[in-house]
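Read from first to last, the chains carry the letters A, B, C, D, E and F; within each, the first residue is number 1.
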Amino acid sequence: MKLIIAIVKPFKLDEVREAISAAGVEGVTVTEVMGYGRQKGQTEIYRGAEYQVNFVPKVKIEAVVTDETAPRAVAAIQAAAVTGKIGDGKIFVLNVEDAIRIRTGETGVAAI
Amino acid sequence: MRKRDASLRLWGGGTTIAALAAPAVTWAQSTAPKIDSGDTAWMLVSSLLVLMMTIPGLALFYAGMVRRKNILATLAQSFGATCVITVLWMIAGYSLAFTGSGPWIGGFTYVLLKPLGLTSISALAPTIPESVYMMFQMTFAIITPALIAGALADRMKFSAFLLFMAAWLLLVYCPIAHWVWGGGWLGAAGALDYAGGTVVHLNAGTAGLVAALMLGKRKGLGTESFAPHNLAYSVIGASLLWVGWFGFNAGSALTSGFNAGMAMVATQIATAGAALAWMAAEWAVAKKPSVLGMVSGAVAGLVAITPASGYVNASGALLIGLAAGAVCYLSAVHLKHRFGYDDALDCWGVHGVGGALGAILTGVFAMKEINPSAAPKGGWLEGNFHQLALQVLDVGVTFVYCAAVTAAILFVLKVTIGIRVSEDVEREGLDINLHGEVVHA
Amino acid sequence: MRKRDASLRLWGGGTTIAALAAPAVTWAQSTAPKIDSGDTAWMLVSSLLVLMMTIPGLALFYAGMVRRKNILATLAQSFGATCVITVLWMIAGYSLAFTGSGPWIGGFTYVLLKPLGLTSISALAPTIPESVYMMFQMTFAIITPALIAGALADRMKFSAFLLFMAAWLLLVYCPIAHWVWGGGWLGAAGALDYAGGTVVHLNAGTAGLVAALMLGKRKGLGTESFAPHNLAYSVIGASLLWVGWFGFNAGSALTSGFNAGMAMVATQIATAGAALAWMAAEWAVAKKPSVLGMVSGAVAGLVAITPASGYVNASGALLIGLAAGAVCYLSAVHLKHRFGYDDALDCWGVHGVGGALGAILTGVFAMKEINPSAAPKGGWLEGNFHQLALQVLDVGVTFVYCAAVTAAILFVLKVTIGIRVSEDVEREGLDINLHGEVVHA
Amino acid sequence: MRKRDASLRLWGGGTTIAALAAPAVTWAQSTAPKIDSGDTAWMLVSSLLVLMMTIPGLALFYAGMVRRKNILATLAQSFGATCVITVLWMIAGYSLAFTGSGPWIGGFTYVLLKPLGLTSISALAPTIPESVYMMFQMTFAIITPALIAGALADRMKFSAFLLFMAAWLLLVYCPIAHWVWGGGWLGAAGALDYAGGTVVHLNAGTAGLVAALMLGKRKGLGTESFAPHNLAYSVIGASLLWVGWFGFNAGSALTSGFNAGMAMVATQIATAGAALAWMAAEWAVAKKPSVLGMVSGAVAGLVAITPASGYVNASGALLIGLAAGAVCYLSAVHLKHRFGYDDALDCWGVHGVGGALGAILTGVFAMKEINPSAAPKGGWLEGNFHQLALQVLDVGVTFVYCAAVTAAILFVLKVTIGIRVSEDVEREGLDINLHGEVVHA
Amino acid sequence: MKLIIAIVKPFKLDEVREAISAAGVEGVTVTEVMGYGRQKGQTEIYRGAEYQVNFVPKVKIEAVVTDETAPRAVAAIQAAAVTGKIGDGKIFVLNVEDAIRIRTGETGVAAI
Amino acid sequence: MKLIIAIVKPFKLDEVREAISAAGVEGVTVTEVMGYGRQKGQTEIYRGAEYQVNFVPKVKIEAVVTDETAPRAVAAIQAAAVTGKIGDGKIFVLNVEDAIRIRTGETGVAAI
């Protein structure tokens, strides 16, 4: 199983969720995060004191999927989240050793 | 709040009780004095409006500008100051400021408000019950020290803050209020301060400047973000300040008539003018009109028109407002950074500078037509340069006396119980450390 | 709100219409009665101030103390109660409480306010239009049931809540208001309740205690965190309650004059004293003065001075305030846990206990000098022990009647439509389940 | 706000100055006119109440309904409009609307308020200072354009918004206010609009509809969530609107007496009725009574009773309220989706529809008994069908004139500086892009 | 070492924390998240416009534990978080290559 | 590639971000979290009812870096975040199998 972590622009959340569903992913977990990358935030002036707002709001989407679904899911996210502008975000793929569905106690791919 | 306004009453409903010998008299019921129910209604309302300016008005205005970890502590300062000062005003403040006839300080006969009976009337406000006059003045005595909190946000101990409020009320506010409004030497000399340009705003602003210098800068200033957590609170606060300020300025007529009406008009116009001036300046310089700038400008206008509100016409008010918006923008946003003191929420930059500016411009724009009894020769524009000199004197005296005594109070507190929280407490936030609570738990 | 106050009018602007035979009369326009424009102005304002106490004052005070998932539901309770009671008051409430002359309950002639014409005047308030008097009383009738919401927060069905409000208004509030203020037996017996220590606060507090017991505890109490989500709302709410309370207490003079002034002063001083007393107690016991404690103390002071505000002087007010702060701190923070009822936001602990305390202390501190017509012999301190006994009677009668009828109403609702939400709804929050909305969506 | 109300003054405190030839006169001090201190007190208060309706009332009501990224921009619209209009009203607005005697538009003599002296009195409000009357009217002139912001939320440029406010005030509001209240043709024809059903609400609503159509829909509508970020703000806002509205409606009596009292009662009852009607409709249709629905219903009731408040009794008010709640529920929740315009926060759905409904129902329910001087023949129910026809005319004329001129103003702005922000700005939020700030930083 | 990621119902947080402590886990990190799975959120109507609220609030609990503790910790979480109703959540297990305690600079299992 | 997860005291965020930038890390994602470890939170009293506030606010910083950068980045974070007091936090290192830049579709180390 793979953990797919996608960091995308907040307003793309709904599109990504739909795309990933269509790709066969049953569940996702979403977190509001702050990102820093090429897109650098902006210089703010508060009462004359300049300071750098380094972070831009993003959402992080995490989904654990089977090894077979993973490439399809990644492609779906990429297609749905892209705007072509800086700050579109990243997708990371990690290996997952086990999964458990709390309700039933099922483990492995049956759980996801 | 000049007593002479009362003699301008032109309507028929009430009878002016002229020239009472003693400052207050309790009448036997059979010979009960005549007060005016309309004046009383307006002064009851004005009193609660000025209280509303402090809680929740000022409390929210300040709390909206701090970071999340200090929101409750900021609210607690306004609320706590209100409670402490109310009780002290009853115990001694009113007596010291508004009774007795010495030039420097009032008397002690009104300690604990002992002589305040049901039908007492003060000579300073002859058409309303003294209970209402005492209460109206109490609300001024509350907001003035509470304003200082803007300069010392994010880093003062709550215990030291409350003691500071108490000492400052008795040692700074009461004498100065007495000088100007309570029968003391400055009022007698002819200085014009309708609702508190020097007594309230320059006074609080000066104390704030001194406190900011003595406390030192907030940790992290310049390197961390001090962006306000929730400016929506500041907008609510500024709006309630604006609305409540009619109690402050139009209430200072002490009657419900022509003077109150003109003061209301002047207040409204100056406030809007100042907000627009600050907005325009910021739009030009920083390319975006911030909401914080708009509300700060409005407050600057309210401050600057305060001493003038009973003496100027609509055009005078507009000019004072425009000047206040531009000047306070400079002082709060640019001068502060040049000189490097950390007047956190611009108590000096808005109230100190705006109050002094307003007091001086009162000497320029005062018109005989608007207040024939209190300003019978008008201001500089009507040829009375003397008035302008008096206003400058008033500003200077207030600044010097306030700065000196405030520094002394804070020095004593500093070497005894300490005035600043530890670095860890400041980092983690005052809310959790001083009050054991946080917002958005 | 004692009608006799009106006879204390000492100024010249209006003419007292003494001893109207019928409780209300509509005058032909040609012989139009003389009302006083100043009194009317103050009572128009007082009415809207008391409305402001409920929305947004009380709504925010309570909403700030609950967890995020229940904020909107808590606001909806105050807002919904306001709407339901307004319409019911028009339909029957005013008629039952303030018209007719029976000792137990008023009449039915004012159903749908049919007889309320443009120039109607009630004998209970002879210097203002009856429309204003009806409205002023309506705002009291709104806030009293709305206060109960504090006891049943986080777990009551909205439908049951609205029905409870309606039944309680007609079966509990209207009779008791009639007994004390509307010409009924308790007022005639001489019980003093200036603005509602028993009629409003003990009454609501008692109902809250009964409701808390009948609903049972909130799920998770003691193991999960019930820390307030946003105490800033509670500070705004408490501040608006404080400001609006001048309409409550000083408005209960029903005129704009000496009585209103003294009531305002007493209210201000007692409130500040109580907030300081609660703060000091908490600082001593729990080592930190919480913001929730400060605002709760202020409300306790407002509650306790309510019955006394027209009868005591400044010193009496301070003593009542200090007592209220300390006693309500104990009842809200310590007694509640000892006895184990879940009075969620301390409706009983603050309003019940504070109202009873204030009612009894009124019998101690009332002074003839402050209200010669309504309290001609003063209270215990002036040797009139009888007054104290009367006050205790008032407290006892209110408690017993209210508890019994409240229990009956809730019992009927429980066995019919049910009063508590399901466990899942409680866990997930009332906002999303009852209203389909959340804050910070 | 009909001047004839003044002649209904029935109490003794003041003397009516009948039939002044010129609309305003400044009196030499020796022959000072008699104003009434009670009336003045109430009108001072009413003015600040109506200001409070806009800031913070309306500002919060709207800001609570938008998404987090647009909260400050929404607040800035109300606040900025207040400032711009205040200054313009002083410069020319008051002069155009309330001075001079032409049927179509006022005069230019009051430009910059030059003739407004300390003791000026307007014939339109003979018992209060003209300063207060000018101020009271200013607060109406502020809120009317500010209401339009509800239709164009989330997508208008701030610069274009402020220019739109300015142009609309002078080209739409001032003429229409003059027609109905300032001595123009519609008032003379006998159309009844007590506090602004057509002048204020239908007018703003119509402009909102036009603006919504010309701006186009918000991006993402129908596919993304537009759930309000913090309805607690909307509840505070609606509550302050409700409380302040007594200044609007009861203040429109321009005196503190019987008319004000009846208007207050009508306002309270209609508001509660409308909130309950909307709640009931939503509970039936959508199965849950939303908090947004309850407060929207209350505002709908306030809007609909506005033109009628000085002419109907309690039962009439209840019926108007119930109708308003149900009809505005349909228009805001269902019609809007059927026709597909994006009236974001229901400016047209509530203010336009509610204002027109109220204006027409005024022609049905007006009663001679409630306002013998201004509505001497009552409405349709009392057999005066002519009144109903007049009301329909008033609605039609207001709609057509307002729609045409609003469209022209927006067209000019669109082709010059542009009225809508770029798609990126809209997506990322107006707060950070237009004002450089965010809430919950 | 293993990283255990548990997504559970918010009101179960305290019980899970206690259970996991009892199982010998010294530290955890908790994040408020929004979940999407079989439990689908609900259809909301805002001013007549229907839209799907796709996400339900959950909390994510992350704990890094030794390989030996991992099974015990997973079992403890599962037992504490289960209600048997849909939406109970998931547990995922990932491999962790290294851990560092910032305060002391300790690494590996000593750090956790 | 490695995923570095650092849990640090909130006021250290800016220093850590600067240090990590200096170490050559181009992007990070930051989340507000609640932590529980040796530093135990405090007992709160709300209206007389004691309850344990178990969690202290922390921020979680996540950065995906190349294998070579990882040690340098870890060291930089550790140096910047340390105060020497309890609660300073942890750094965890996990293996990442793939990365995708949404904007361009680049994969692997080119994407980070």
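Going forward, a residue touches a chain if its C-beta (ideal position, glycine included) is under 8 Å from a C-beta of that chain, and two chains touch if they have at least 3 such contacts.
Predicted, not measured: the structure shown is a model, and the values here were computed from it.
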| item | value |
| --- | --- |
| Smallest count of steps, each to a touching chain, taking subunit C to subunit F | 1 |
| Equivalent interface positions on subunit B and subunit D, same or different at half | different |
| Geometric centre distance via CA averages, subunit F-subunit E, whole Å | 17 |
| Gap in Å, rounded to a whole number, between the CA centres of subunit B and subunit A | 52 |
| In subunit A, residues with contacts to at least two other chains | 14, 31, 44-45, 94-95 |
| Residues of subunit D whose C-beta touches two or more other chains | 13-14, 36-39, 41-42, 45, 223-225, 227-228, 236, 256, 286, 292, 436 |
| Chains that touch, pairwise | A-B, A-D, A-E, A-F, B-C, B-D, B-F, C-D, C-E, C-F, D-E, E-F |
| Subunit F to subunit B touching residues, read off their complex | 11, 14, 44-45 |
| Sites on subunit B touched by subunit D in the complex | 10-14, 36-39, 41-42, 45, 49, 68, 225, 227-232, 235-236, 238-240, 242-243, 246, 250, 255-262, 264-265, 268-269, 271-273, 275-276, 279, 286, 288-292, 294-295, 298, 313-315, 318, 369-372 |
| Interface residues, subunit E side, partner subunit D - complex | 44-49, 51, 53 |
| List of subunit E residues in touch with subunit A within their complex | 2, 6-8, 31-38, 54-55, 58, 60, 74, 77-78, 81-95 |
| Interfacial residue positions of subunit B with respect to subunit A in the complex | 221-228, 286, 292, 332-334, 336-337, 346 |
